[in-house]
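All remarks here apply to the structure that follows.
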Amino acid sequence: MSENATTNANDNHINIYEAHEWKHPTKVAGVTWKNPVGTASGTFQYAAVRWFYDVSELGAVSTKGCSPVPWEGNQSPRTAEGPASNLNAVGLQNPGVDHYLEDDLPKLKAAGALVVANVAGHCDDDYMQVVAKLADSTADMLEINVSCPNVTHGGMSVGTDPVALASLMDKLRPMTDKPLVVKLTPNVTDITVPARAAVEHGADALSMINTLLGMRLDIRTGEPIIANKTGGVSGPAVLPIGIAAVYRTRTALPDIPIIGIGGIDSGEKALEYLYAGANAVEVGAAALFDPVAPLRIARELDDLLDARPELAAKLAAGKTWR
Amino acid sequence: MTTFTPTHDVVAEAQAAGFFPPRHTVEITDARALADRVMRLTFRDPFIASHAKPAQFVNLFTHDDFMLMPRPFGVSEVEGDEVSVIFAVIGHGTEQLAQLKAGDTVDVLGPLGRGFNLKQDANYILVGGGLGVPPLICAAQKIASLAGSVATSVIGYRDERFAEEYVSRHTDRSWSITNAEGNVVDLLNQLETSGDLDVDGLKPVILSCGPLPMMKAVAAWAAKRGIPAQLSMEQRMGCGYGTCVLCTVDTVDGRLKVCTDGPVFTREQLGWGE
Amino acid sequence: MSENATTNANDNHINIYEAHEWKHPTKVAGVTWKNPVGTASGTFQYAAVRWFYDVSELGAVSTKGCSPVPWEGNQSPRTAEGPASNLNAVGLQNPGVDHYLEDDLPKLKAAGALVVANVAGHCDDDYMQVVAKLADSTADMLEINVSCPNVTHGGMSVGTDPVALASLMDKLRPMTDKPLVVKLTPNVTDITVPARAAVEHGADALSMINTLLGMRLDIRTGEPIIANKTGGVSGPAVLPIGIAAVYRTRTALPDIPIIGIGGIDSGEKALEYLYAGANAVEVGAAALFDPVAPLRIARELDDLLDARPELAAKLAAGKTWR
Amino acid sequence: MTTFTPTHDVVAEAQAAGFFPPRHTVEITDARALADRVMRLTFRDPFIASHAKPAQFVNLFTHDDFMLMPRPFGVSEVEGDEVSVIFAVIGHGTEQLAQLKAGDTVDVLGPLGRGFNLKQDANYILVGGGLGVPPLICAAQKIASLAGSVATSVIGYRDERFAEEYVSRHTDRSWSITNAEGNVVDLLNQLETSGDLDVDGLKPVILSCGPLPMMKAVAAWAAKRGIPAQLSMEQRMGCGYGTCVLCTVDTVDGRLKVCTDGPVFTREQLGWGE
């Protein structure tokens, strides 16, 4: 068995198409997930993934960042490769919240998925418009993405400025009773600072990490590969950075639910996030290399938790290892 | 704006039978160099062999964990349950794939994307350049099995006619040219002059794959004559199956995904030659 | 040939033990390096490396961070592994500047090496004491490490605070005429901010990146692997992050010499840094996996530059690609 | 404080001959399971075979680019130009190494570290536990070739006597015990009681490698009796050849490097049992 579980989808003993009774649920901000593994925003499209597996089998699905109006995103090429990583600069292309409410969300709910609706914005007003429309939708949780490195206005700047983030949260919090998850960026000196700002201003949970700022050049031309020049790094390479972010945030904020993200490509790595203090995880780039990765990881983790009843009991009760 | 309607009919078919096969490991049955830094790789995969349509592609994955991203290649030929791709050695991924030998294994996902639309009875003119040839070989192979249509190939090579053998295996009407001799538009003009655009009363439909400047020139040529043209595009990809929006191309309908909205687009969609 | 050059030391065609005339020098802050490849601080010890190759063959050697008195560093275990990366938490163990001046430095100069003396400190005073002692040493350049994530006081905090960094530089600059290279951390929101502070307060060059904050846990115990808990991530995984740091700094500060560091394990990756705007590079973690990596990379790069006369000419003249 | 004086005499030897061999690829000549999750791997490497001393180690590297760090293993036996290591399957690295077969290749760097000091004529008592046995096999092999010394082995196993065959191949006086039966200090006490600490007038010198608690108990036992003890330590490593200071152990002389100041330290250096 290789350290890189994605390249060995066939070697492992789990048949994801076999019927499975989930044994180890988790609870995130009061919402029960049937298992601790969700998909990460931007690497899951219902229309694409439903051919590969039953999306209701996942703990949750975090959908693509959703803006008040359709966004066309950045020019292509939008992606490059790093050692054990992917770089992306989608620029939050999405068909807008109205389309989301008419099409994606009802289809996902009809399919039985637990939906974390990821919210994107260029300014406070954008976020408010989307949250207003999602407030009485069927979405189970809202994930406020203040951490995208690939848009010029807003996006990441809110996530790196605790004052701006607090003020945004003060506006969003009164708008909905749905659990608000704030998604944070690792591109800061100390992630516990925005984490604390978010929590003190009404976040019910945090998710981390979004992508790291990165870049590749083509040595055949000497020029950047991605049209946007820089992009966001994700995939196995970022694992230790995501683990440190979760661990340090857990230490600083013992009670806030945390969804751990970054570099997860196996049940073992998901488990490592749980030991670092996460209540649940989301799987991003691994789904690019292997469409069924999120479900495979959920199955692997479910089995690993069998031998860890203390951890499993804590998760089911909405508590964490640390 | 991306369309979210499933347009991928092979997937729909597969779904009817259960789920679509995930990434899996297949055995290489043949590997050969066709020219300097051009390889043909054949692997055994009954599902892909029985479902792949011309201009659909497969994602191949290297064994090197530094290179996790898919390497997409058009299906070039299907024989029984064996599938071939033809590719140029460009960077480290294709360098590594080029080292595979019969008996080795490789990970694959596919078939992916929307292939050429071959529903009409027509004289399909396959216009290809360089490594755009593989999907056209597949198209020629497919058209040869259609009762009402014929295929004419018009291929440009940089310097060496590496795929000639495979193209001509499936079509009687094949022309090719190297950069030194001219380009595919020269050949199209010759076809027009000699009255060979229509064959047995079948109207021409262009299927093209190759470098962007070539495809733009071909689209302009076709537009001027009102000839339909389907163009197979390339873009750097993240997933290849429609989940990441990393592979867009600008169309008159907005930024569409090359992987599932394409790779085949009409010249009207691309707004080329209008 | 694999993307991972380190695992293929034998596959490539370069015999590092063959005599070689260096073809492509570079100039960093007025100092000519015979080739653009140096070793990164903390992954080079003369006593260890001299058995493997002639250290005078390298562009430069950056020596282990040097403090006013001997430091014992952190407890063991000090290291863990990430996907395509290493985590370290040495905590700047070193025998102090006096030992450096008596032992390491004279031996390195006698061996013909171009020496970049890396300076460590817990507070401004520490840095000043070391720079005072190195000011009229035989060291060719001084590299001020304000970016170590593994010490509790000073170190990284100076590198993340442009005001503190400016004030430190105001103290160090008058102490020496030697070129001062300031080594920056990627653990900030915008690396061009400390970069600008350093340059405006007297830095002759910048080097980047130091390691990223990361962590691993052992899923057999659920506990952190490194005694210090968190460590610094380096190695191939960090390449895109280092490239982005250099590119963005080059764009913000067109004239400052930059030494690119992070994830270099092949001549091609060194070249990518030069295209991003670096004048030279340093090789760190790759030397852990392959002792001769820095020299192999220098040789690979020297050959790659043959086909790039414009870039090579710029480097030789102390200019950069961008 | 780290010593910067070269103490690695094999390296000095190698240097006289040119440079020390860098990381290089060698062929596996034999691979076998000795017990559940315990493997013995043999590879051909004339340089290591002719230079390795007992308790020196080699860095092995996996073929998986996710795992770049060295996996250090003590040399367990040398036969001609072949070198063996015996290792437990612990994590993903050793899992991958355990899959290697004769004919495969592996990357190696070595020999590394300072071995046991065998300069004195003595009854070397080899006290090992679990996966600390391999360097002791090597020591037994070496001592058998020394004119003035003899070896006595005292080995503790968790449950299975997996290395018994290799230990007893090189020494006539060998005892072993499993966890269920007792521990190595019990065996040492028996040796003392039966008057077998001295052999042919040779004084005992303890060479030990194994779990930390075992080595501490052995050091305390030896200290009480004024018997010299050399203990081979383990630590997570970055480079294995002295360049990164990632592998320290606390000694009375400060934090020393396990890789080049050790892995062998005396009980006095470690301050154990004083």
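Letters A, B, C and D mark the chains as written, and numbering starts fresh at 1 in each.
By our rule, a contact is a pair of C-beta atoms (placed from the backbone, for glycine too) under 8 Å apart; a residue touches a chain by one contact, two chains touch by 3 or more.
To keep track of the chains, here are their UniProt names: A, C = Dihydroorotate dehydrogenase; B, D = Dihydroorotate dehydrogenase electron transfer subunit.
If you're wondering where the values come from, they're calculated on a predicted model, not measured in any experiment.
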Which of A-B and B-C has more C-beta pairs touching across its chains: A-B
Distance from the mean Cα position of chain D to that of chain C (Dihydroorotate dehydrogenase), given in whole angstrom: 35
Distance between the centres, which are taken as Cα means, of chain C (Dihydroorotate dehydrogenase) and chain A (Dihydroorotate dehydrogenase), whole angstrom: 34
Distance between chain centroids, defined by C-alpha means - chain B, chain C (Dihydroorotate dehydrogenase) (Å): 46
For chain D, residues contacting two or more additional chains: 64-67
Contacts with 2+ other chains: residues of chain A (Dihydroorotate dehydrogenase): 2-4, 80, 83-85, 236
Topology of the chain contact graph, where touching chains are joined (line, ring, star, complete, other): complete
Chain C (Dihydroorotate dehydrogenase) contact footprint on chain A (Dihydroorotate dehydrogenase) (complex, rising order): 3-4, 80, 82-85, 87, 160, 187-189, 212-217, 219, 222-224, 229-231, 233, 236-241, 243-244, 247-248, 263, 268, 271-272, 275-276, 304, 311, 321
Sites on chain B touched by chain C (Dihydroorotate dehydrogenase) in the complex: 62, 64-67, 92-93, 95-96
Touch list for chain C (Dihydroorotate dehydrogenase) against partner chain D, complex: 2-4, 6-7, 9-10, 16-17, 42-49, 51-53, 64, 70, 72-73, 75-81, 83-86, 88, 90, 93-95, 99, 103-104, 225, 235-236, 285, 287-292
Footprint of chain B on chain D - complex, ascending: 64-66
Residues of chain B that touch chain A (Dihydroorotate dehydrogenase) when the two form their complex: 1-2, 4-6, 8, 11, 14-15, 18-20, 22-25, 61, 63, 65-70, 107, 109, 235-239, 241-250, 254-255, 260
